[in-house]
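What follows are several structures.
Next come two complexes, and both contain chain A; in the first it sits with chain B, in the second with chain C.
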Partner chain A sequence: MNGKALIQALNGVYEWVDKRLHVTDLFNHTAGHPIPKSSASWFYVFGSATLLCFMIQLLTGCLLALVYVPSAAEAYTTLEYLTFRQELGWFLRATHYWGSNFMVGIMLIHVTQVFLFGAYKYPREITWMSGVVLMLLTLGLAFTGQVMRFDEDAYWGLGIGAAIAGRSPMIGQQVVNFMLGGPIIASETLSRFFTLHVFVLPGSVLALVALHLRMVLTKGINEYPKPGQIVRKETYDKEYATIIKKEGIPFFPHGIWKDLVAASIVIGGILFCVLMFGPKGPLGEPNPTQIDTVPRPDFFFLWIFAIAALMPDYMETFMLLVAPPIIIGLLFILPFINNTGEKSWRRRPIAVLSVILIYLALGLLTYLGQTSPWSPDMKAWSGAETPREFVEGRSPLELQGLAVLQNKQCRNCHAIDGIGGHRGPDLADVGTRLTKDQLVRQIIQGGGNMPAYGKNLSPYETDALVAYMVSLHPKGELPARDSTIPATPAPLSVQEGEQHEAVGAH
Partner chain B sequence: MKIAALSLACLSAIALSGCDIPGRPKKEDRRPEPHHVTDFKTLYSQNCAGCHGNGQSVGPVIAMNDPLYLSILPKEQMRQIVTNGRAENGMPAFALSNGGSLTNEQIGIIVDNIYAWAKNPPPTNAPAYSAPLGDVARGAAVFAANCASCHGADGQGLKDKAGSVVNPAYLGLVSDQYLRTITIAGRNDLGCPDFASRVPGKAMTSEEISDVVAWLASHRENEFGQKLAPAQQ
Partner chain C sequence: MTTETNNDKPCGCDHTPEPKKTSRRDFLLLLGFGLNAIAGAMIGIPLIGYLLSTFFKSYPLQWISLGPVSKFPEGATRLASYLNPDHREWDGQTAEIPCWVRRIQENDFQVFAINCTHLGCPVRWFEESKLFMCPCHGGAFYENGDHAAGPPPRGLYEYPFKVENNELFIQGGILPTLANPMDDKKPRH
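Then we have the complex of A and B:
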């Protein structure tokens, strides 16, 4: 058989299949659909990159499910088995973990780009709204996925989630029961979250992605916005048709290559993180009697963690139950609030400022969530050492004061020269800020977010503690002085002596 | 595209090969339950270093790597101290059975490893670790001979040298045994000499130490400034 005949035969097969499956038709309406030439831009790759991450999650998730047992008794063991014993189990877990991080990150870039490029405006309202639901589903996947890694973080994270749900007025208890499958975190809880994470949420994502892509195909991809090009309901459809007619190019192959390059960068990025940083955890066992932990959510929820820790008491119910529906509602109806007009971010200062403000707030809160200075360091009292200059040259009483400072766990909240907890002020120079009497009052009565320790300290312990703290002032700096008492000659001579010392040091 | 595919293939090859990959979890990354931690360094740095220092840093109370201290304190006694604490000195009890956080096995690991720091056998003239209180009047003379040069003739401390050792608050926070241990071992890390080097060529005897501790203890007062009778050991 010569070449020509072979091609003819293959063509015949193709036509036979095409006549029945309408592959050409499908291609022309999907990958081959025309897009504005301006949209074949590097800014437009983030949607497909998010989808790629989702596909990686599906694949790695299926493989993980072969080993993972979603029961409270066995989940942790199977996680350890996957991480330390199963051949390449760690690689699978790490890919799933970093895939989720990349998915949330790239999705946020996609949402921001769509917002800044005005792509949510007429006639793409449903595209945007389905995107908002997809974003919530993705965050839901991230949260339920964190529960799948059933370690101490997951356990306490669930506890906090249940506590938030329990605040719902009237039906709090019922909501908690529904969420946890009972009043406490148990096997039923893990089954529920497994079902959500593996069936309900990914299934919903697939359905919503279908709608989202269908909208992209039918309403067309947003053209690259130009300043001054105003969207009007009456004229937009015609204008878009003209753009497609004049400078439309088929998505395949003219648009898709950038998506493919982006895809390989994303895969490379995920692989890099997998090989360099590996999987996360599992941390300690999810043991409710083990309270010596500092549970912390994954990075995409650190900002919520920070808000929850920092907001004043009276705002808690509002921030936890009222604010989220308002924010989500606003996002959802955004296309109706701002349906037409300018698309280009160059002419939408409020949009740009909102993005900057939101990212600054999220970034700052994430940073605070990561460092969480409000959490006491529960091991500092017995583990935080004291730098030499804060021990040397002290009298026996002052040394006993430092021992009391350690034993009474002051270090858990107060660092000395940065070592220790950061909930309260650093004590390295407390002697320059508070006088002896002020220190006694503060320790005995507490105040300013510090508990009163009067009942936990004997008078001698207080004496020693205060004597030590009074000694905490940098060389050359005077100790704090009661301003109502005029300086006596003795402190003046000390002052002179210390000044000489300071000058000498220079 | 080719470059991307090639780098992908390389990365996968690295992942599949057995070579050392930073991301691959190692056995020691496994988070043991707190009661299963058996690494001495971890246990010491989490439980002891805050007060006793770690050898490089100094703490408010005696350093655990002080060879003299280790040579006079029987190992079993240290195990008891760590297990039950010393309420009179503020040393907390670390055993789980006493409300602490360490198992008996962990306490054993800590004590064994601390004693691995002990370099020398006790000096032949080393005073006994504990002994009954001696004579107050003799103690005053011993203090004047051995301690007054830094702590002052009356024990109230000398400016730029050393602080008071007769301050009632200080004496109220430390036991007679604590005073004895410090008198024997000193605080070499903070410049306070041990029993053998206070007066060159004349080491303090066990009796002299008992006497000086009795003299120090005689300065104890209650919170209202009333003198307390020295407690008998």
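Then we have the complex of A and C:
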């Protein structure tokens, strides 16, 4: 058979199949649909990249489920088995973990880009709203995924979830029981989150991705916005049709190559992290009696952790239970608040400003969540050293005070010259800030955020402790002085910065 | 539906379909919907009942032994743990629940839940400073469970306890939250 005949035969087969399956028609209406030439931009690759991550998650998730057992008694053991004994199990776990981080990260870029390019405006309201739901589902997947890694953080994370649920008014206890599958964190809790993570949420994502892409096909992809091009309901559809007619190109093959390049970069990025950092955890066993633990959420939820620490407590229930639905609701109805007008971010200063503010806030909170300066350093009292200049030249009484400071675990919250906890102020120069009397009162009665130690310190211990703290001031700087007592010239020794002033001298 | 029937007639004659037939079709459609609604409810209600069963159940506290009182020296606070009375065989390590037992003197006890009243992290006892400290957001509690510092909205949750035949019992088996604190302490605000 010569070449021509072969091609003819193949064509025949294709036509035969096409007559029955309508593949050409399907192609023209989907992958081959025309997009504005301006939309084949590097800015437009993040949606497909998020979808790619989701596909990776589906694949690796199915494979992990071949080994993982979602039972409180077995989950941890199977995680260890996966990580250390199953061939390439570590690779699968790492890919699933990093895939999820990439998915959340790229999805956030996608949402931001869509917002800044005004793509949510008429007539793409449903595209945006389905996108908001997809975003929530993605965050839900990331959140429930932390529970699948059933270690100490997962256990206490569930406790945090229950504590938040328990703040709901009236039916708090019912909500807690529903969330945990009973009155306490146990196997049924893990099974619930497994069901969400493996069936409910991925299924919903698939359904909504279908809707999302359907909208992209029916209402078209957003044209690259130009400043001054105003969206009007009356004229927009016609304008878009003209754009497509004049400079439309088929998504496949002319528009897709940038998505393909981006896809390979994403896969490369995930692989890089997998090989460099490996899988996360599992940390310690999910053993509630093992309380020597410092629970922290995964990266993308650190900002919530920080908010929980920094909110004044009267606002907390509001911030945890009321604010999120309001914010999500606003995001959801955004296309109706702002349906027409300018699309280009160059003419939308408020939009740009809000994006900058939101990311600054999230970034700062994430940083704080990572360092969590509000948490006491539980080991500082036994482990933190005292720098030499804070010991040298002290009187016996002051040295006693230093011992009290160390033994009574003050260092868990108070650093000396940066060493120790950061919950309370650094004590390196406390002598310049508080007078002896103020120190006594602060220690005995507490105040601000400090517990009262009155019942807990003998008068002698208090004396020694205060004597030491008064001595804590940089060389050459005077100790704090009570302004109601007339000033007397400072002792010569202090002015020279040589010796430390006797306790109580004003 | 009626128009479609009309269009089906190529003759275009003024043959109107009998109204009886339409109403019969409508009836059958309604019947179809109705039967499925009933069948759906028969399957759906038990499904919802299964899913929401926790809503209708109550989980009363149960008396649990923490062992002989001699385990707890007077004037000290010790970590103890108990087996969740409602545990399943496949609960593994999660069936073992810790708590802090403070024996003030004789038969006078305070038994605190491990969970911080802020967001549930496990509080740790520091003997020297006589404080419970929370590793999450810097909450601290005094020896008697009162709030000392940080974001927690109230003192530690306290289990009801009793001493019988020199054995310490507490009433537990739930994860205490603000919605079900086990005690009747008031929040700070």
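We take it that the second predicted complex is superposed on the first by the 487 of 506 C-alpha atoms of A that agree within 3 Å, B and C clash if a C-alpha of one lies under 4 Å from a C-alpha of the other, contacts with A are read in each partner's own complex, and residues count from 1 in each chain.
Keep this in mind: a residue touches a chain if its C-beta (ideal position, glycine included) is under 8 Å from a C-beta of that chain, and two chains touch if they have at least 3 such contacts.
What you see is a predicted model, and the numbers here were worked out from it, not measured in a lab.
Peer 1: State whether chain B and chain C clash or fit side by side on chain A once the two structures are superposed.
Peer 2: The answer is fit.
Peer 1: Looking at A:446, would you say it contacts chain B, chain C, both, or neither? Reply first, second, both or neither.
Peer 2: second
Peer 1: With both complexes overlaid on chain A, does A:90 touch chain B (first), chain C (second), both or neither?
Peer 2: First partner only.
Peer 1: After the superposition on A, what does A:274 contact: first (chain B), second (chain C), both or neither?
Peer 2: So A:274 only meets chain B here.
Peer 1: Given the touch rule stated above, what does A:259 touch, chain B (first), chain C (second), both, or neither?
Peer 2: neither
Peer 1: In the superposed arrangement, does A:342 touch chain B (first), chain C (second), both or neither?
Peer 2: neither
Peer 1: Which holds for A:285: it touches chain B only (first), chain C only (second), both, or neither?
Peer 2: both
Peer 1: Taking the superposition as given, does A:412 touch the first partner, chain B, the second, chain C, both, or neither?
Peer 2: second
Peer 1: Check the residue A:381 against both partner chains and state whether it touches chain B (first), chain C (second), both, or neither.
Peer 2: The answer is both, since A:381 touches chain B and chain C.
Peer 1: Would you give the minimum C-alpha distance from chain B to chain C, in Å, for the three-chain superposition?
Peer 2: Chain B and chain C, overlaid via chain A, are at closest 6 Å apart by C-alpha.
Peer 1: Following superposition on chain A, which residues of chain A contact chain B and also contact chain C?
Peer 2: In chain A, positions 285, 287, 292, 381, 407 sit in both the chain B and chain C interfaces.
Peer 1: Per the contact definition, I'd like the list of chain C residues that touch chain A in the complex.
Peer 2: 52, 54-55, 57, 59, 79, 81, 84, 86-98, 114-116, 118-124, 126, 128-131, 133, 135-138, 140, 142-143, 148-153, 173-175, 177-180, 188-189
Peer 1: Can you list the residues on chain A that touch chain C in the complex?
Peer 2: It is residues 71-74, 76, 155-156, 159-160, 162-168, 172-178, 180-188, 285-289, 291-295, 305, 308-309, 311, 313-314, 316, 372, 374-376, 378, 381, 407-410, 412-413, 423, 446, 449-453, 455-456 of chain A that touch chain C.
Peer 1: Chain B touches which residues of chain A in the complex?
Peer 2: 80, 83-84, 88, 90-91, 94, 260-261, 264-265, 267-268, 271-279, 281-285, 287, 290, 292, 379-388, 391-392, 394-404, 406-407, 411, 458-461, 463-464, 467
Peer 1: Show which residues of chain B lie in contact with chain A when the two form their complex.
Peer 2: 1, 4-5, 7-8, 11-12, 14-16, 21-25, 27, 30-31, 33-34, 45-51, 53-54, 57-61, 90, 92, 101, 157, 162-165, 167-170, 172-174, 190-191, 223
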